[in-house]
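Per-chain numbering from 1; labels A, B and C assigned in written order.
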Amino acid sequence: FVPPGVLPLSRQPLAWGRARRQPPGPPLAPCRAFSNNKILVELDESSGVATMKFKSPPVNSLNLDFLTEFCISLEKLENDRACRGVILTSAIPKIFSSGLDITEMCGKSTEHYAEFWRAVQELWLRMYSSNMVTIAAVNGSSPAGGCLIALTCDYRIMVDNPKFSIGLNEAQLGIVAPFWFKDTFVNTVGHRVAERSLQLGFLYPAPEAHRFGLVDELVPEEKLQEKAAAVMAQWLALPDHARQLTKSMMRKAVLDRLVAHREEDIQNFISFISKESIQKSLRMYMEMLKKKS
Amino acid sequence: FVPPGVLPLSRQPLAWGRARRQPPGPPLAPCRAFSNNKILVELDESSGVATMKFKSPPVNSLNLDFLTEFCISLEKLENDRACRGVILTSAIPKIFSSGLDITEMCGKSTEHYAEFWRAVQELWLRMYSSNMVTIAAVNGSSPAGGCLIALTCDYRIMVDNPKFSIGLNEAQLGIVAPFWFKDTFVNTVGHRVAERSLQLGFLYPAPEAHRFGLVDELVPEEKLQEKAAAVMAQWLALPDHARQLTKSMMRKAVLDRLVAHREEDIQNFISFISKESIQKSLRMYMEMLKKKS
Amino acid sequence: FVPPGVLPLSRQPLAWGRARRQPPGPPLAPCRAFSNNKILVELDESSGVATMKFKSPPVNSLNLDFLTEFCISLEKLENDRACRGVILTSAIPKIFSSGLDITEMCGKSTEHYAEFWRAVQELWLRMYSSNMVTIAAVNGSSPAGGCLIALTCDYRIMVDNPKFSIGLNEAQLGIVAPFWFKDTFVNTVGHRVAERSLQLGFLYPAPEAHRFGLVDELVPEEKLQEKAAAVMAQWLALPDHARQLTKSMMRKAVLDRLVAHREEDIQNFISFISKESIQKSLRMYMEMLKKKS
């Protein structure tokens, strides 16, 4: 197993601006990049394709800072006429994203839970309804909220390594994936696979995830970015307008459902997560994680 | 083909109580059992797993007595804190259940049809919403209502024998599966397979049923109970609360639909089954069955 | 590749009536036929099976005349007690139907667009709710509206030739399949395959279409009609009444949706198709087609 090369982040500008790299081959097209604490964004103007690279060690967990940066970055790209597609991937070896940060759900105030959950909803709403072509280049494990990010994309490519797994494993932690995680999952793998996988909190090794339709394609790690670019080109060959309307038609029912029940969903989350039994489960899970590492 | 051994039912107590068997191997864990005319129930307290064995010769057909005993037994287990999962299987060789008893639908009063149909609904409502882990160990053919029982479970294991078939074959009898049979079927195999199978009243031999997702797994007959226990252990490894909430989330829409239209559905059944043309079809079908045997 | 033989249409009567052919072998059953400009209809009274053969050169495109004749023919068959099933196929080599006629959507009046769209809706409503068994014998390519006709059938058999393709490729033309095209597609191939296929406007070669469930079966060209007849016999073996009620139960939700929003859908089509950008896309597409041929 060869971990993916980490980008030299320090050489990236910290805000939008022209970034000129010195590639060994032919000169690259102009490329704007911006980076902040958690995510590195690069936009290749010649292709119209941006890459969002998660760089929040150790495991790209989705805390409030990450979620906020994610949504701001996504909004910038969405409003940038030069950008038509975005590839999501990780700058951390072996992990795409570990999902929601459990520390945000443990021993915090009601207000904090509400703010956190609204940010999770926001990420899902923006990704699942994005006008851009969205491709997940899953170069590491991707449990729970990490899997959710992949599920919101138009296409999922995963590194063909059985050590990397993906799935909505909330049930294993004693918690329940919200209905809109479930709806997204059902839209991807169908009702029966979703019912069984969610109840058992399955994490599928990449080859199995592919067999069940949770990811669309497997590639060797060294081919991942190339493949993602090729698939992106295929999707961008379609007229944006027709593709966007079609995407919206496919996803509208599920998107509308959260929009209609957003505040109720936040209240449900708060009352669920505030239960002593749930808090205890999460503390035990964190203890287990600490012992593991 | 080797038929499964029939349990020595006469040695089982007729009500809840300690049943001590003399196994050839190491001593078994304490086990409570109760039995009545149609179903034998054994609860292994050490594992929290009950087995409901259908023992209503000749073919475990679902008449009013069977349905009533089924629901009473299920309710007892549901309310028993020692019980977390239930395995459904048959004590009759070669048949899991032949489905609804046609004699209950032929030449009876309107009141009888209403009572019978309410009992069928009750079985479905209780099984599909059960808080316990439910596993069907399908050790014989399972047409129509027999298939429905399997469909309500969390997992279906079937004996790998092409002589055993399973499916919702109502259309072959000239009758129509009600919408909640259909909803359960669609949730399991998807819309297209359901549409074709229901219209043609397909009975799938076990290997084909597995290919279409109607059953989850095939095993040799002698491994069935062992496999069911192993799968049960896998499901019971999850925290009950999270698993139950997840199951409820997956099945709620379909359950709510029958609850909202229950009386209407009973009236539909009565007016449909009371038609002379349908009565004639059913009589012809019963004649055919008699000639066959 | 051997193109299918075209029927000697001139020998067919132009209206309902007994048509007696001189077969080389044993005498055929009495067969009524009617034909008009676009579609040849033959009803074999002994089997109760009609064949509708599209014969509108060059590519069986669905213009207003074709749609009108289609619906009239279908209604005649639907009301004919001698007819229980219909096989749709093409009399034009290599093409089943090229879909909606773009000339009907280009540079015409609002009233014309409304009339045209209502006719497309009518075809879909009648086919998807038909009481007859409907089988598509797809003996050539079948994009867009051609694919839709196949999707409305109970069963799809396609010639096993990778040169023939099928799919809802509207997005490639810069237009969007309406929600009821989408609903029919989702009911056939599931949500995920539909989402990806519709966004990319995929045309699947026959073998791939079969793999994704877009067609049910592939056969060599010379076996197509024979196979269609055999499958039809299998479906007709079921009691009509039960099969029809089951079909209606499976398709009702999707049918009701268009019925409830029919006028709104027509207005949407008119305002979409009247846009200058869309008109430009369609003109460009027609230019491209002309250059190709």
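The rule is short, and it goes like this: a contact is a pair of C-beta atoms (placed from the backbone, for glycine too) under 8 Å apart; a residue touches a chain by one contact, two chains touch by 3 or more.
None of these values were measured; they are calculated from a predicted model.
**Q** Is the contact between chain B and chain C built from the same residue numbers on each copy (over half shared) or from different ones (under half shared)?
**A** different
**Q** Rounded to a multiple of 5, how large is the rotation, in degrees, that superposes the C-alpha trace of chain A on chain B?
**A** 120
**Q** Determine the centre-to-centre distance between chain B and chain C, using the mean Cα coordinates as centres, and give it in whole Å.
**A** Roughly 41 Å separates the two chain centres.
**Q** Spell out, as numbers or ranges, the residues of chain B touching 2 or more other chains.
**A** Expected reply: 190.
**Q** Mind pulling up the chain B residues that touch chain A in the complex?
**A** Residue positions touching the partner: 154-155, 186-190, 213, 216, 234-235, 238-239, 241-243, 245-247, 249-251.
**Q** Provide the residue numbers of chain C that touch chain A in the complex, in ascending order.
**A** 170-177, 179, 182, 190-192, 194-196, 198-201, 277, 281
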